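I've put the structures underneath this note.
There are two complexes below, and they share subunit A, which is joined by subunit B in the first and by subunit C in the second.
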Partner chain A sequence: MFVIVTYDINEKRVDKVRRILRRYLSWVQNSVFEGEITIGKLEKCKKELQFVIVPEEDSIYFYIIENKNNYIKNVLGIEKDLDSYVY
Partner chain B sequence: MFVIVTYDINEKRVDKVRRILRRYLSWVQNSVFEGEITIGKLEKCKKELQFVIVPEEDSIYFYIIENKNNYIKNVLGIEKDLDSYVY
Partner chain C sequence: MSRDLFIFSSGTIKRKENTIYLETNNGERKFFPVENIDSIHLFGEIELNTKALNFFAQKNIVIHIYNYYGYYSGSYLPREKNVSGELLVRQVQHYLDEEERMYLAYSFVEGALFHMQRNLREYENTNEFVIKISQELENAKNCKSIQELMGCEGRARDVYYNAFNLILKSKFFFEKREKRPPTNPINALISFGNSLIYSTVLSEIYKTQLNPTISYLHEPRERRFSLSLDLSEIFKPLIVDPIIFKLINNNMLKDEDFDQDVNYCYLTESGRKKFLKEFDSKMETTIKHRKLGRSVSYKFLIRLECYKLIKHLLKDEIYKPLKAWW
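Moving on, here comes the complex of A and B:
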């Protein structure tokens, strides 16, 4: 299935969240990851994130699209590939 | 159709982009809007955005899901409603 993950995370924790997400999905915009993933891996990813975030402050959305034919992506401006970004 | 809009916009232009998006969709995270919209309105929204952004610097993604039954949204942490945010 295809998943889009977006987030607003406190600056103290955002690097940790990104490091987890980078192991599962592609980093395509400052606060956005996307990609194909299995249900099992998505649940594992979520569990790791739950250890890191403060639920009362941080916000992560998972838009899950079972069939990748059921969405279209349009881009205005540049399409970013932050995976090659080293920090 | 349901649309998720995510963006990385230069600080000089981000307020203008948000003002346009707020007329069409719900502001649900710092760099994310979502909601139901017609093709006609989406095209109109894109045209307005094209006048504002600098394509070599800014990035806007439109994830378009024809049928709202074809996606599921999971939330970790808080679900934000920035529409009531006045600036």
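Moving on, here comes the complex of A and C:
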């Protein structure tokens, strides 16, 4: 499945969160990650994040799209070359 | 779900922030999600340090290295965790027992020829070629030795390659198969595609307990992972050839995608990238598996083939080569 993650984290912890997400997904924009991932990996990722964040202050949103073909992305301005595995 | 990463640019790969980090010579930086990476194919000039290699071993990531011309030259494989003495003994036993070896060797040829015929049937006026290939398949049944079997396979392959000129629409003309070095664009495409298949099959074999050096159709003494050559036979016509037909018939390749001279022809970087893009999406294509009842990717089909072979070796279930049913 395809997932888009956005987050709003206290500056003290934002680096830790970014590091974890970087291992699972590709970075799109400031505070936004996206990419394809399995259900198991996503759960693992969420568990790791839970240890880092403070639930009262931080928030992370996961937008899950079951089928990658069902989403359309429109871009204004620069599109960063992301999900490419040929580099 | 995990993907293969293909790196063409030159630069350094490092472990950084517990993930893979690439810094190219022209200053670009990129992080790759380590959890989603299965193997890395290096085409450019890349520097690696032991820290990175240790990290890849820990994450079970296989690294394949290709030379300047895009030929497969070697792999870095993490310490094998899946070793099985029993399976190794069985593998050798099946190699030594002539009947058993013939059965497996014949199965690989059967799978290969089936997919060749399947490819040809998609196009018009290829009937005579299909018939010739089925004749070779009949001959193959009665072969007494591996050499004879290889001969049948070789003749069938010649027939198959002759049919290419009917299938391919454009100015590219295919005379005969030539390797080392390939001399025309089609040969270059076949060579490049085959070397990709070899390494992909090898990565899949490494995820199972099979020993990649003991093979049945090819002689196992040739200082290479010949089991991956055996299994590749089935997948070459299934995966590589349709990509070649697509790239050429849709005019996706241009002259500048080939580096041509009097006695050689290689794909340039742009050509390889185009090929890889198709290869990658082909590998990720899923089909509904009849037995498993769920969708599996082409890449996983290769792994399933290894599992089938293991079952055969352990006398659990008789090996039948993959025959595309879709």
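Here is the rule we go by: the second predicted complex is superposed on the first by the 79 of 87 C-alpha atoms of A that agree within 3 Å, B and C clash if a C-alpha of one lies under 4 Å from a C-alpha of the other, contacts with A are read in each partner's own complex, and residues count from 1 in each chain.
By our rule, contacts are C-beta pairs under 8 Å (C-beta built on N, C-alpha and C of every residue); 3 or more make two chains touch, one makes a residue touch a chain.
The model shown is predicted, which means the values in this text are computed figures rather than measured ones.
Colleague: On the A-aligned overlay, A:Trp27 touches which partner chain: subunit B = first, subunit C = second, or both, or neither?
Modeller: In the superposition, A:Trp27 touches subunit C alone.
Colleague: Mind working out whether A:Glu36 is in touch with subunit B, subunit C, both or neither, as first, second, both or neither?
Modeller: Once the two structures are laid over each other on A, A:Glu36 reaches subunit C alone.
Colleague: Regarding the shared-chain residue A:Gly77, is it in contact with subunit B (first), subunit C (second), both, or neither?
Modeller: After superposing on A, A:Gly77 lies in contact with subunit B but is clear of subunit C.
Colleague: With both structures fitted on chain A, tell me whether subunit B or subunit C touches more of subunit A's residues.
Modeller: With both complexes superposed on chain A, more residues of subunit A are touched by B.
Colleague: Touching A:Leu49 in the superposition: subunit B (first), subunit C (second), both, neither?
Modeller: A:Leu49 contacts subunit B only, not subunit C.
Colleague: In their complex, what parts of subunit A are in touch with subunit C?
Modeller: These residues of subunit A touch subunit C: 19, 22-27, 35-38, 41, 44-45, 85-87.
Colleague: Where on subunit C does subunit A make contact in their complex?
Modeller: Contacts found on subunit C: 1, 3-9, 17-19, 22, 30-36, 273, 276-277, 280.
Colleague: Spell out the residues on subunit B that touch subunit A in their complex, using ranges where they run on.
Modeller: 4, 6-8, 28-32, 46, 49-50, 53-67, 70-80
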